């Protein structure tokens, strides 16, 4: 079944294809009386917008969001919020070859195997263009949890990582890579340019931190905060791995090393470390929530690769058209949006059960 | 909200605490006319059962499952299947100290922060004992998808990995570590013994492969097969990371390296690689599904660590009682169960929408 | 929580207010490869359209539906189908009085009590205008279950019932009341006209029959076919009662009278009666599904009635503006749509669990 | 799909068959720190217990409930509450004939049509015995909304109604019919006795009122309070009709008659009438919630009736075994339980979205 709704009580449903007339999200369950206009949403979409630097796809989409329902006189009414973004710059002619042959790494073959049929234009529903709707919905989520600050950045591109010691929050918005390390950003400029020129692509790691999440949010056992975050992040196009806190590195630690010791603090415990990434037993501890996501390299590459056609014949395919050389970069606002959406949902769940 | 149900149409709900009278699962949505008796479930529980070697907790639980509903004359009827396991070997006296102070790394503090109150005996609901119910439910899931083979193993303990070249499927059940590499198993024996004797603990990485999953299973966009697997695996106690296919390693690859090329095959494509771990666009490609999980070291350690009490005072706590020195080992049947549960659900979802 | 999604696997979400720019539905879970264009949906909307006779509201809305996603080359793709209808003929000035005082029978006071705030224009979200989105979604549902014929009619207006002996299917679309009894239709013309001229309103009873539903559809126990139908019908504006089969009349029968005897038939049993309305134990028996709905009189009336203002003061209010004198009439296509939506969902659920 | 879970955030799942070893409910989402022991649940089960008078089935079940999880030291912990009731007095031999032939009015044929196979003993899962689990869960729901008083009674049996003017709350628990009118109770004694002796059965109407529900509870549009109540009530065995407020009678009223006029009150409006049954636009108005349910006569009768066998041959069947001559009587605590369960859920939903 095609489940295009996410969330338990703060829920959003997205719709739309890469080359259809529009795409959108319906946000349901938003509390009333929250200030919300297009101006609260647009900046987040602008952050994700294509065509803003040579390191992202050259598709030109204004991505102007319209609120079609759910607000009145600039405030939410508690009814569903319909958000809509028109597709402007489709060039469907670019994708004629894709209609016949499957692009390795893309969802082409899988969609045909499932549905027997697909909208092949720009990847149809499986296109990362859908993430614009998530980012719009995420902006509503942020408005629901104003005390929470969510901040993501790129930590590595093509295996080249930032220097944690050089982390500078102010840098993140100062370069086209959302990179907190100016030196790394300079290296990546060269690296991504080279990939772009070669028609190749690069993977990336995105890190995200949410501060201001009160201890207690989380819904054990099968809507655990970390479980929901994992589902949310893994549902993003191209993501192949998710970590909470130390993630895979924790598997190499001893219990003594991994223990986040506590001391009496002003308001709850002061933790001496945060290996857990702010979550224990699926519930927030009050420490910063730390999440990491691995983005595979964009599957669209110019190098011709072996594949098969719809009729099962051997073929070669090179993906022309406009693509991000490193889809992880524009993944930054999407990761933030998904984290916001999970946290807004968990906030409402928490106050349902626990006041 | 306390969401203790997992799944969309093949759903299970678990209940029970570590030191309550019993625990169980209710499996709902199971198709009718499937052969199912306790004998089909017990072997999987036995695989997870504590006290079978010195490398697991010494709590002695027979973990005998009873089917209380949903079958008739040895076959499922399509109605809810209630599975129940009694707790026999609780020793609640071991946990008196835990009532007052929070064990770092455990859910103690988070549960109190959320609920204002907790069943501290053996971790209560947050205990890994709950995973017995998952394994029982997972056995039902396996019966729903008999063509799928699900196999997990331990890939690394405390940072010491198996040699992929030495992988031997037959070894997995031949040692107490579910280790496919005999040499690694020998090393781990020493390593885990040392940790156990020192009252310390170790993390682990568990790998799982599911073969026989037909191309087409998966429910994009927010019940994607990989998203559901991520949620399922991350909901397991102590798991801090999940990977599909190459996972984080994919972030260091180029598009050319990562492309799973296809050639015409007898029945669908023959793939030349499986970086994707058998999933594209959230839909199975027909290749083996590959999932990895990072287990942190058991948080219960004998070394006294700084913490605070319920009333906010400074304290030290050492976790006495019986524990797994490496919780990842017994995580193997749990990972398998969760993968089975996701796949059974996706199978039913697929035939709902696509026949 | 504002739950604006209905259905288990065939799900739809509606959004939109009476006087917003547009309203719509997102249909999720629709099987692929079903022929679907605007032309398949529009006739059902036309049936519900306001302003078609003097017996319905004089608001003039073309109610032209647009499909914004989920189809490709005239067929469904298995991805979410976004349906949108623009609001054209809002006259928001009609509702200024409503902003300050609560109309008895309307949702005004309840919405304010819940949300602290409301879009008062035309009833905002609580307006029956939302049912246009249901009818659009229902047209998609019909396409999913082409073997099922769903037919509703008005059975009584203001306490004046049709003569069952005069039932003529051909009459239903031959008068503005969806009335299968020509004589009753003639009486109602006078009756509704009188109410309209007096600024009064009338209640109605709508009956619906679905034939061609195979024995076996239904999802016991809490998604029983009759339970889902009851929820669906009761969610329609102004509905205050739902019956399946004989409904309340069954409470006066003896067991012998109520038994639907069976004889061997060509394909399953031949039933000698259908007191059950085609459903037993929450599962379809293969007989026609029979549902009845009671619509209260439209709450909008010209007679001034006692009420209070937002600030709690005494007031009188008469509802000016354009309204249906008998909202049950236009309820006919809405009841049909809801029945179609439930049946499409149950069809998919059935084939998920039972093939 | 077999959906045996009800509720959005306060959810319960039931399991068990009439003649299995036990049946039960798992209540999930209950807030923590609520006083709850078996003694809080048992009285409600006792009210529904069979064998307490000659007007109910002679099956003797103590229906002793056990809480197996979710409480600690007499208070809820916020984790799932597993409630279990053993079946003691099964006499499966009574049902051998039912294995081969379908009882008209029962779910026998429908279950076979759906599942191809059924547990025929006592109706298996379709038996009203399952409602014991609902009543147990309902007792937990009551504890969640202590300010709400829920009270049901029998309003008519076999077409013989109480005199509303004779309504006496104190009478309801003073006779075996939950009848608020002593004179009617006397008549019913004769009537039900006659039916019982004749091996016949009678239908009934049950009325329920919930007071103390604050204005604002309700979750429009598809989890409207009335819609949820309709689903809940219609899911009860033998129920064929549901009304809110005036129900079908409202269809005969004019808008002037139906308007619930308001005057300024101490705390919100004072309503001059309650045709709406306490719900407008799917949201509680603060007036008493009024619900009515029509129960068909018990389908088990001694008179042999025409039917068919599993293999499609003609047959006659008379239902021996122990049955309620009027299943509506024991429906009273079940209706109350379902109303409580819906209200507890709506309470939590409301505070999730609206504080």
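A, B, C and D label the chains in the order they appear, each numbered from 1.
Quick note on the criterion: contacts are C-beta pairs under 8 Å (C-beta built on N, C-alpha and C of every residue); 3 or more make two chains touch, one makes a residue touch a chain.
In this text, all values refer to a predicted model and were calculated from it rather than measured experimentally.
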Looking at the contacts, which chains touch chain A and chain D alike? B, C
Computing the C-alpha centre of each chain, which chain sits at the greatest distance from chain D? A
From the C-alpha centre of chain C to that of chain D, how far is it in Å? 26
Between chain C and chain B, distance of the C-alpha-averaged centres to the nearest whole Å: 46
Between chain B and chain D, what's the gap in Å when you average each chain's C-alpha atoms? 38
Using the touch rule from the top of the page, what residues of chain A touch 2 or more other chains? 1-5, 8-9, 14, 29-30, 32, 78-79, 114-116, 125, 220, 348-349, 352-354
Can you name the residues of chain D that touch chain C in the complex? 1-6, 8-9, 14, 102, 104-107, 109-111, 113-116, 125-126, 130, 156, 158-159, 195, 200-205, 214-224, 226-235, 237, 240-264, 268-269, 272, 275-277, 279-286, 294-301, 303, 305-308, 312-314, 328, 349-350, 352-354
Would you mind writing out the residues of chain C in touch with chain A in their complex? 1-5, 9, 11, 13-17, 20-24, 26, 28-30, 32-33, 66, 68-70, 72, 75, 77-82, 114-119, 124-125, 348, 352
Residue ranges of chain B in contact with chain C within the complex: 8-9, 29-32, 78-79, 220, 348-349, 351-355
